[in-house]
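The two complexes that follow have chain A in common; it is paired with chain B in the first and with chain C in the second.
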Partner chain A sequence: MSTPVDVAAAPRVAATSLWGAAAWLKARSVYVAFALLVGFDMLATPGFQNPFAVRSLLFTAAPLILIALGQSLAIGTRGIDLSVGSVMGLASAMIGLSLGAGAAVALPLGVLTGLAAGALNGALVALLGIDPLISGLALLVAARGLAQAMLGGARVNLPPGVAYATLGRAVFAGLPLVAIGALAVAGLVGFAVARSVWGRRVVFVGASRTASFLAGVPVRRTLLLVYGASGLLAGLAGVMATARLGAADPNYIGAGAELDAIAAAVIGGTPLSGGRISILGSVFGVLLLTVLDASFIMNDVNGNYAQMLKAGFIIAALYLQRSGG
Partner chain B sequence: MAERGGEGRARLLALLQARGAAVLLGLAVLAAGIAFPNFLRPDNLADIVTAASFVGLVTIGQSLVIILGGFDLSVGSMVGLATVLAAYAAPYGAVPALLLPTAAGIAVGLVNGSLIAFGRMAPFVVTLAALLALRALSIVLAGESMVIADPELFGRIVNGRVLGLDNLIWILLAGIGLAAVLLNRTRYGAAVFAVGGNEEAARMLAIPVERIKLATYALSGGIAGFAGALLAGHLSSGLSGAGTGYELQSIAAAVVGGVLLTGGVGTLSGALCGALLLGLIDNVINQVGTLNASYQGLASGAFLLFAVIVQSGLTRRRQART
Partner chain C sequence: MSLEARAVTKSFGAAMALRGVSLAVAAGEVHGLMGENGAGKSTLIKILTGFHQPSGGELLLDGQAVVFDSPRAAQRLGVAAVYQEINLIPERSVAANVFLGREPRQGLLIDRRRMEAETAAILARFGLPVSPRARLASLGLGLQQMVSIARTVSLGARVVILDEPSSALSGAEVEVLFGVVEALRRDGIGVVFVSHRLSECYRLCDRLTVLRDGRTVASATPAELPREALIAAMLGREGGLGSPPSAVAASGPAGAARLSVRGLHWRNRVRDVSLEVGSGEIVGLAGLLGAGRTETLKALFGAERPDSGTIRLDGRALTQPSPSRSLGLGLGFLSEDRRAEGIFPGLSVRENLTAAVLPRLARFGIVSRRRQDALVSRFVASLGIKTAGPGQAIGGLSGGNQQKVLLARCLSLEPRVVMLDDPTRGIDVGAKAEVHRAIRSLAEQGLGVLVTSSEIEELLALAGRLVVLSEGAVAGGMSTAGAEPETMLALLAAAPAAGVA
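Showing the complex of A and B:
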């Protein structure tokens, strides 16, 4: 059995028959949908052509890309990481707590907090054999609660500083530095998935845990690393989102982000049934959802209606993708 | 001799898994009674049960869904939406105020259930999307909150007392009793266990798996809607943010109460003990006073984690023995 790991390597189907064309299109639906949405916005959405709008959109997308990467790895092993949003909040709270020690301590501490949460999640899943859905759910509540308890539920503004400003506002060649960073990380993860032994193992574990165990794949270590990486990326995402907001906010940072990350991964061609990962697809999944959010905002759609429409969109997209993508 | 000892221990483990929550609840009540002199006063105990009755009711539906092998993350938002709908319906009388939210909950459950049963989508994705959509809908309908100006009969039904006990406590007990009969004494209940235990086997036994799923999600939604209606009567208002976190508290309560997340195993009395235990923790956090409400999230998350670890340990040890 082949284990395609990105869209370029997705099953090549001859687009001769109509059925083949439909399948070909379905395997690339995230790119098609993204192109259609951007095309629509270019024509119909006021202000979308403005480079500042695109820039602000990429600032929002950068942390989401990071958690979508971790999510794709977890889903690729036929697991899930529901904790990513709350872990972002926890990383943010940790920054808020350690502001006094300076950015050089606070920011790495935020990332490490994510890693610690991910390691805990991985230990529960890999070593204790707990369903990732459950351990993630428990961490989702516990990490959010811990974040709120750490800051007493209040927002803490970041002091002025080069490090925070660089992460929160710096632009290089017209692109946010954080977006370039997130894309670089995506490239790294994509390379690891496609080319490294570990990446092969991740996909293999997702395709069949029993078979990979029998084939001598260190299943536990692979899973531990996957959830650890997802936590690390969520920590990094929390740091980015905090710097962008200019404040550590245990309630707002990462709230509901887990659904975005899951939706982005699945829409991008990483099916929930595991065994296949499309990193490029996940990145475009995030971009699609971010542009969708921006389209609602820029067309003055009430935020609550927008949330309902988006939930409907995600369900529809996942429904269409459900038979393997 | 050794064999009998082993069997005894296996039975003890099984008992611990099923009744651990009751034991833990007893110990917790004892400990809290020693630590806080006011804790054991009857009105405080009644307060705990009353406050826990909303989550308790939601836990009934959640337990059924989990025994079925699924999940319902939409119940918390459904409670919020239900309080808002009850506030809309309250001027027309107590019956609409109770029925409209319940009907809406059933409708939401039917949508969830259809997507899960017939659309073959993952329960947590469907219900997570419903969680977001319903919360947004509540805010659209009510803004932050809607006051029920003159609750009259509705308020009396919800907040009244019969035989010295709050009506909410009676409603909770009746709900648990009815659901226990449904689960343990009817063909529907047997089918829920069968589907949760092994869906393929259930299909081969000609159990209408899809219909059972649809009915169970509808039941869970309907119960959440009803609980929300009661909450609206209790608070005399519709709050779009009401019920936040109930999805996790109800899952935690069910799991603590011995309902296995792998499906097919669980009791409603255990789940009730789990809900009361969570309510007790909230109460104790309030008694300590210096801890703020955000610790409640931390407590229920940590508690869920603890319960899941113990459960999986007990299950594995039992499996190792048999």
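Showing the complex of A and C:
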């Protein structure tokens, strides 16, 4: 339903009355909120108009976009993937551990670590039938612990190198390369959700597990692939975040990121009740949260209050989303 | 207590759901409320129970105008509904469900003993063979519904609206329901009885009110309103429902069996089922609720893993059945539970219809929208699905059209044999006739059809041959040629009653 394709087509439902206009706006609250926030920042936030500020924002957003994609898939099946933040950390630790072998080994290894963690999560959910909330929570703890053990809890700086520098700093046409990459992956995932057999099955499984099973949908395989993909994307996100930081850090990389990913997906119009995925919405959900974080920092809002304000903002956005359903 | 709706109208935005409905239920009266899907029955029920406020007209209770501004207000004044879907907690006991939200207490704790004793008294009043301590989910759907009715009455309802109470029931269970309704009548409780089954309404109701397009088009006693007139009023046209058994369905198995089942077992629910369905044959799987009809079909389809038995499809053994394997070999299945096991809520007609056949419409894993829509329009035409287009949400379709979409999903894989579990459950008369036509045309194309129904008349009209189940085993078979409902009732009655308690 709410694939990028359909979002473009949806305005055909004419907003004839005021009520209709309100409903139309509510259904797109993430885009409206994003536009309002950016408008506010452009006018009132010192330094926001600086292109470097935008660039920095996009560097931060890129890995979040990737894990929000995986999260959207998991939530679309009426599941959840709590492990993504820790898996980013695990991927980072794997890079730190394999630095000696060179970037050509370390970086792919980081991504593969994510895939392995995701496959494990998927196996627990799909094959053993463990609630994704539980398996994700277990992996959240275990992956973070393993990451810290691998590096002895310490940060390992990346050596100078073209690959790390490209991922961490390269800019193309004013945009960070990683952001372009993340958006390209989002386009790919969006297309897969809208048009591929697997993508539609992800939505079927979320809409009705029983109906899917009776319609011959391979429910387990679909779920396994969803959590595998989410792990793979988290691995990739961990690689990006590590390159940006210039160091492998098992404590810092991805800490708490799963919450941002969940919030972004849900604000963007992928309901926790499953059966509907909005990839475009998830991307804008991430952008919204990233800009929000930056707005607090650039306006010198005390960090503690910023957290509470952000929470209030998320709740308001979710409320609008819910009424707009 | 009497309840009356007088010239009630209701609009939702620009859409008029009710355009002037009047209905009067006297104390101790059983009042049949009938109409095709979309006639306004559900809206009227929601107004009578306070979920919606009427846009015009008024409600009267014992002649006094009243306003039900919430379901709670309606309940407090003694009007409540029992819905088709049971809104109780399956994992808790019968007693806990009957007293849900108003448990008798002893200090801080629930007085379980008193709760169970009072529940037992309530159950006895309705003649329900149920233990108060039984887990609700362990009962059949029918008994769960009776518990739901018992709960509603024990809450103090004086007018009870039964929304398609019999759609999940058959045989003896319907008799239990009728007994419960008689008990309500005896106690002077007014009953609004909503049903698609004409014979039940004629047997049970003191008065019938027919809605069409949001208006009351007829209200009379059954004697004043014969079947033909009632159906004409419902459909808004003169037209019979004559559906004589087709020629192909008249005889026994012709040629080799397409589906052959030997000694099927699944837990204690399916205990030795053997049957055959020939090419072009419609076989009815008959039996009381709890006899194992649904379970048999599900075990055959692989939705439940059978413990033993052999299944052959055109001579090919179906081992370790699973839905995807069965579908791949040409065995289709339509679940009786459209809402929970059929549709993908919130998704489009296109998605719902093509869910099973997607890989065949795809190249390199990418689904062709063009081929999807071609398939959809083919079935929209052949089954007469009324939809605004392939992109319309399935929820916007009437029950009958949703069912046709699911039938199309089942047929999209071009099966050899289809198993249809109560395919006309809860759909209106017009859609029913169309589903019947579609089933007959499947048989004419040489498919084997195994069908169940909770309506005896329907099975007799549709099937050429019946296989009668009792307590999970085949109790016998009969040809439907020249058979009367009474013949089958006799056969069912002769078989030991299914253990449902």
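Just so it is clear, the second predicted complex is superposed on the first by the 306 of 325 C-alpha atoms of A that agree within 3 Å, B and C clash if a C-alpha of one lies under 4 Å from a C-alpha of the other, contacts with A are read in each partner's own complex, and residues count from 1 in each chain.
The definition used in the following text is that contacts are C-beta pairs under 8 Å (C-beta built on N, C-alpha and C of every residue); 3 or more make two chains touch, one makes a residue touch a chain.
Only a predicted model underlies this, so the values are computations on that prediction, with no experimental measurement involved.
K.L.:
Look at A:52 in the shared chain and tell me whether it touches chain B only, chain C only, both, or neither; answer first, second, both or neither.
P.N.:
After superposing on A, A:52 lies clear of both chain B and chain C.
K.L.:
Quick check for you: in the superposed arrangement, does A:129 touch first (chain B), second (chain C), both or neither?
P.N.:
Touch status of A:129: first partner only.
K.L.:
Given the superposition on chain A, which partner contacts more residues in chain A: chain B or chain C?
P.N.:
Looking at chain B versus chain C, the one contacting more residues of chain A is B.
K.L.:
After lining up the shared chain so the two structures overlap, which partner does A:311 touch, if you call chain B first and chain C second: first, second, both or neither?
P.N.:
After superposition on chain A, A:311 lies in contact with chain B alone.
K.L.:
Touching A:218 in the superposition: chain B (first), chain C (second), both, neither?
P.N.:
The second partner, chain C, only.
K.L.:
On the A-aligned overlay, A:302 touches which partner chain: chain B = first, chain C = second, or both, or neither?
P.N.:
first
K.L.:
Which residues of chain B touch chain A once you look at their complex with the stated criterion?
P.N.:
Chain B reaches chain A through residues 71, 115, 119-122, 124-126, 128-130, 132-133, 135-137, 139-140, 245, 248, 251-252, 255, 261-262, 292-302, 304-305, 308-309, 312-313, 316.
K.L.:
Residues of chain A touching chain B in their complex?
P.N.:
These residues of chain A touch chain B: 80, 82, 124, 128-131, 133-135, 137-146, 148-149, 152-153, 250, 256, 258-259, 262-263, 266, 272, 302-308, 310-312, 314-315, 318-319, 322.
K.L.:
Could you please specify the touching residues of chain A with respect to chain C in the complex?
P.N.:
Residues 1, 195-198, 200-201, 203-204, 207-208, 210-218, 275-276.
K.L.:
Show me the residue ranges of chain C that touch chain A in the complex, using the header's touch definition.
P.N.:
Touching chain A: residues 301, 303, 323-324, 326-328, 333, 335, 340-348, 351, 355-356, 358-359, 362, 365-367, 369, 393, 409, 413 of chain C.
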